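Across the two complexes that follow, subunit A remains constant while its partner is subunit B and subsequently subunit C.
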Partner chain A sequence: MSQPRSIRVPILTRVEGEGALNIRLCGSRIEQIELNIYEPPRFFEALLRGRPIEDVADITSRICGICPIAYQVTAVQALETILGIRIPEPIAALRRLVYCAEWIESHVLHIHLLHAPDFFDCHSGIELARKFPDQVKRGLKLKQLGNRILEVLGGRAIHPINIAIGGFYRLPKTSQLTDLIPELQKALQESIDAARWLGNLPFPDFTAPYHYVSLIDADRYPIESGRVAIGPDQTIGLEIFETHFQEFQVPHSTALQSKFLGTDGASTEYFVGPMARLYHNQERLGPQAKRLADELRFDARRCNPYQSILARAIEVVHAFEEALRIVQALQDGRLGGLAPRVSSEPHAGIGMSATEAPRGLIFHRYQIDDVGNVVFAKIVPPTSQNQARIEADLRLLLEQIHRDSDPSIALACERLVRCYDPCISCSTHFLKVNIQRE
Partner chain B sequence: MRSESREIPYEVFGIGSAQGADQVGWRVLDRLLDPWHCNPARLHRLETPLDLLGFAAALGIDERATQTWVLLDACLGESVGKVHCWRWPAVPESALPVRGVSSHGIGLIDALRLGQELGILPEFVWIYGIEIGEPQSTESDRSHSIDWVPCARLHAAIAKCASNIASRSLAMQIASNH
Partner chain C sequence: MQKPMGKPHKPTVAVVKFASCDGCQLTLLNCEEELLALADRIEFAHFAEASSDLRPGPYDLAIVEGSISTPKDLHRIVELRAQSKKLITIGACATAGGVQALRNFADYEEFKKAVYASPEMIESLAESSPIAQHVQVDFELRGCPVDKHQLIEVVLAMGSGRRPKTSTECVCQPCKRRGTVCVVVAQKKACLGPVTQAGCGAICPAYDRGCYACFGPASQTNMQALSEGLLLNQMSNTQAAMFLQSFHPASPEFQGESRRLEESPRRLWQLQPPSRS
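Right after this comes the complex of A and B.
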């Protein structure tokens, strides 16, 4: 009879927020795997009820210090659909630009300080910096440029305050944008170099049957708009998002989990984020990012989650390419004389929006009353959607490594979880790993 | 956020947020903006210690060599309002936890260690730590923000820091002019 094994790993490092991982093994049998998010719920959806719609962007941005733009843009777009607002093209371009900056900032941080250490046998970003000072410095500079764009467009880098229903509270001067061009040109090349640095990493041999879900935007890489791709050639509109993606509660987590419900009634875990975006949209990357993906032979169909570091690196290149394209297009002064936002009169209605946060698809739905107060709000962040998939991955991994030592198992599990760049703060925070063997 | 004067490379970074006691670093910057202080330093409002490194990584070697940094941050300790001044790297980890009260789990000490490893810190880095109390004792409570206590001791500490920094930056400017 197998001896029970009980292992407790107190803290999973290098993820955003706080949670725990509980594993119970009995011989080769995996009895329990629980991504335990015990952080108290933050009740943002309830907090929004009764508030004027003008408050929504500022309140939702507080959900996350890493991806506030994703929350803000998704929120205002959902409200704009209720109000019938169509924002002018230059303002839509600025929204995309500020979103690119958030991708840059978030991805570069995760690549260089949180994820890359795993591939170079380093325990921390500090140890990685000792081995690769130039590469880490380059990463910090790239992140800083993302911050700068956020400051120019968002008013400040963290929890920006300039996104408004109908546009922005204040538009940047054209010169503020053109000043960015030389830095963006340089950063684009540096981001390509950064991706090449990661191109030959020894990725663990692990695959899983992923059901990738992301937006698909007609002719461009999806960031702030699109339909939801639920299969290789199948998309749905947002109006039936909640029919196919159902949130549910599990006893071990204060964050909701989510599963995909197919037309046949079968439910499954699904995967959102850069890997899913590239799976559905690799051909829509910018020219340089696309060439780079080909050069690195990146293929999300391999379904190896460890390659998500490459997916992020490719998306950083795309984000710089896109940012540069937008800024160059706005050089002609078309922002001059443009009202920063489209005004509107409130009226009752329901509206929804989905965008691609750095960590994956994010969905918002709001109902407002005829004076412009929120009656109902629903927010589905990426990490809570990936939670069930992370647990399924861990189960597959443990089937391979259950004979290993406890520290080795804990380390391997941490590494796998980090591939998802989970933002537990978003779904609510911190990760400890407890393994029990019986 | 910068003052008009760029005459001396004295950079002051307030690290924190608008939340609770975490805002003490920003409050000192607010005081330094008061013309009464005749403060010639450049002021920077940061929300995470990592932003400090982005600033550092973008500096040229010459700039880095001549700069003095002053970092303002909340620190843990029971004597609310007590002000510490350390010169990096002589900082007790117990006062500024390596991780636990900062986003990404990367605290000020982690960021400075990373900066040191990369060789992007100036020679003089001073840290003003203002004690804001202790977090809840249990580990699971460490991420909770420490409530802002608008007590006289904290306000006095903010004023003391601002006054001290303004005097030092002014003294440096006077010295550099002679």
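Right after this comes the complex of A and C.
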């Protein structure tokens, strides 16, 4: 097995965006492991400059077709802090509702079409649907309901058009929301069944020392607001986010990487996403999601990335519970007579916001001028933050499996990378596995 | 999976991505149950976002998402064209360069420096360009993102060798049919509906905002009349140019008109603005 070998797997599949994985092995020594993100750079932060602030939500949504709401809500919230806008409670609830819908469509897509096939040795969700037609169809129906909520509140599922600074362009009618209640009730049950289906998957035995980072939002499960949890009992405000989380460029990636800089000056990889959210917030889940997490004996402290599929399934249940709670609360007609958005006059300033995109914490900072044009934009998406952690995990995995054949190493690495639900379009992008042995 | 024997040949389809957000190919995955039905009628031979079973060409149909913006992608698109009997583009990036083509109007070197600490490590082209600028394209489906129903129609039509039936009218027509009160007339909002290709369902005016042309230029447009009659009575030349430079900045219609506006020294529209009462 110590013969020099060179292996090349052409594209990492069932992830969003394009990249490669470069591995160089010399006997049992791992000489190089690089997540080579070659997705073409699109320069969003540069092309936003000079644009009116009203364009920011529409433009940043184009960073990612799978999680446009995360970009839109984070962007408008950052701009609202500059303008001093406070959103009325029912409109804030609608923002949370549309964000829940995005969690649902994104998580259900990843669970059923991208991730689950690995546990059943299928190449695709389509192939999985031939083995498990009822389960996959149930998943597609759940996804469809997530998309429907996005359509009601956002106008369409991909790149919604209704998120505005100060609220929405137009508010839904109360009846449009109450119409969703029976479907949401049914979907909540089905999402619990879907999670139970995944509960007994054969998860590979693998753990890594994770430094989990997510928002913590008082007594709620964090979605669109909160402070940043950097340790078990330690949170920071957004004003010092950039002191602790620093982006840097590496030659093999068009996505900037990111590391956590502790108060002692040491820098480490960190991990954002559903596992991190559950680690910091499991007790804040909705009652049914919480019961389910206990029933499945899910514990993020186990630090097994393969179980992220369970974390997503639990969060889908939470998102349905939360969506149902919001819609039921809005039944009383409190949306009636409300202006769809709070108006404001532009003035110069700097504002930031962090929310929990389906794939993890996302941070935006904008500077605007007196007439309401963007002067500066900084966007830190979840996948670029996870890049360094993914590379560290691949190194740990390779230490265990370097004696295996090249195709099985490539497959195992690809499967591990998929656990993170990397969105390379977001991070800039992803994947080919190149293994060189010397 | 075992292939069923003795069945008629299913057209082989490759779904390939260049610079883009993935949203248009996600539209295929968003077809949900229709996706499973579609998979019975066509063979996804290469669809990296959905399947790890990637088969080499040749393909009956290539569905291309994304724009050309790196030297490597210039080669990839030529190779893909050579491998494909038919090639269609889906979405604003592939048909008009996408939002990333805004850099075509800017100082590209400065853009690189603004985003990357070491811009010399970045391999990309100064311009983001549509697929048709590099290879022959058999059909272009517009939209940012494309519409699900139009996409299914195009894939099925191309697979069976007929011309896809997609609308060529402008957004105003479906907007009227939808019963939306015109946001230009009633609310004096800037709206690109009159020059924008239909297909989205005229969503924005129904949500009380002007169309921002995410479906690109309609087949017959009078861009100058739009800017002088509808835009310049409420915004400056620069603002109007920027409004036109959004998701199809590299389309000849929007590019031409926005350049014309930028090069005009002052407002073109010199009459009194209409009363706002």
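Keep in mind that, in the parts below, the second predicted complex is superposed on the first by the 434 of 438 C-alpha atoms of A that agree within 3 Å, B and C clash if a C-alpha of one lies under 4 Å from a C-alpha of the other, contacts with A are read in each partner's own complex, and residues count from 1 in each chain.
What we mean here is this: contacts are C-beta pairs under 8 Å (C-beta built on N, C-alpha and C of every residue); 3 or more make two chains touch, one makes a residue touch a chain.
The structure displayed is predicted, hence computed values, not measured ones.
Asker: Fit or clash for subunit B plus subunit C once both are placed on subunit A?
Answerer: Partners clash after overlay.
Asker: On the A-aligned overlay, A:Arg359 touches which partner chain: subunit B = first, subunit C = second, or both, or neither?
Answerer: A:Arg359 contacts neither subunit B nor subunit C.
Asker: Between subunit B and subunit C, whom does A:Arg130 touch in the aligned arrangement: first, second, both, or neither?
Answerer: Touch partners of A:Arg130: subunit B and subunit C.
Asker: So in the superposed three-chain picture, is A:Arg277 touching just subunit B, just subunit C, both, or none of them (first/second/both/neither)?
Answerer: Touch status of A:Arg277: no partner.
Asker: Using the touch definition from the top, say if A:Ala157 reaches subunit B (first), subunit C (second), both or neither.
Answerer: A:Ala157 sits against subunit B and subunit C alike.
Asker: May I ask you to name which of subunit B and subunit C touches more residues of subunit A?
Answerer: Greater contact footprint in residues on subunit A: C.
Asker: Considering only the touch criterion stated at the top, classify A:Ile66 as touching first (subunit B), second (subunit C), both, or neither.
Answerer: A:Ile66 contacts both subunit B and subunit C.
Asker: Of the two partner chains, subunit B (first) and subunit C (second), which one does A:Asn147 touch, if any: first, second, both, or neither?
Answerer: After superposition on chain A, A:Asn147 lies in contact with both partners, subunit B and subunit C.
Asker: Name the residues of subunit A shared by its contacts with subunit B and its contacts with subunit C.
Answerer: Overlap of subunit B and subunit C footprints on subunit A: residues 13-18, 38-39, 65-66, 109, 113-114, 124-126, 129-130, 136-137, 140-141, 143-144, 147, 156-159, 425.
Asker: So in the complex, the part of subunit C that touches subunit A is made up of which residues?
Answerer: It comes out as residues 1, 17-24, 26-27, 29-30, 32-33, 35-36, 39, 44, 47-54, 66, 69-70, 72-73, 98-100, 102-103, 106, 110-112, 114-118, 121-122, 124, 128, 144-145, 200-201, 203-204, 206-209, 212, 214, 239, 242, 246-247.
Asker: Tell me, which parts of subunit A touch subunit C in their complex?
Answerer: 10-18, 38-43, 45-47, 49-52, 55, 58-59, 62-66, 68, 105, 109, 113-114, 117, 123-127, 129-130, 136-137, 140-141, 143-144, 147, 155-159, 161-162, 164, 168-170, 248-249, 251, 254, 256, 340, 414, 423, 425
Asker: Quick one: in the complex, what on subunit A touches subunit B?
Answerer: 13-18, 38-39, 65-66, 109, 113-114, 124-126, 129-130, 133, 136-137, 140-141, 143-144, 147, 156-159, 425, 429-430
Asker: Once bound in the complex, which stretches of subunit B touch subunit A?
Answerer: 17, 45, 47-48, 50-51, 53-58, 99, 103-106, 110, 113-114, 117-120, 140, 143
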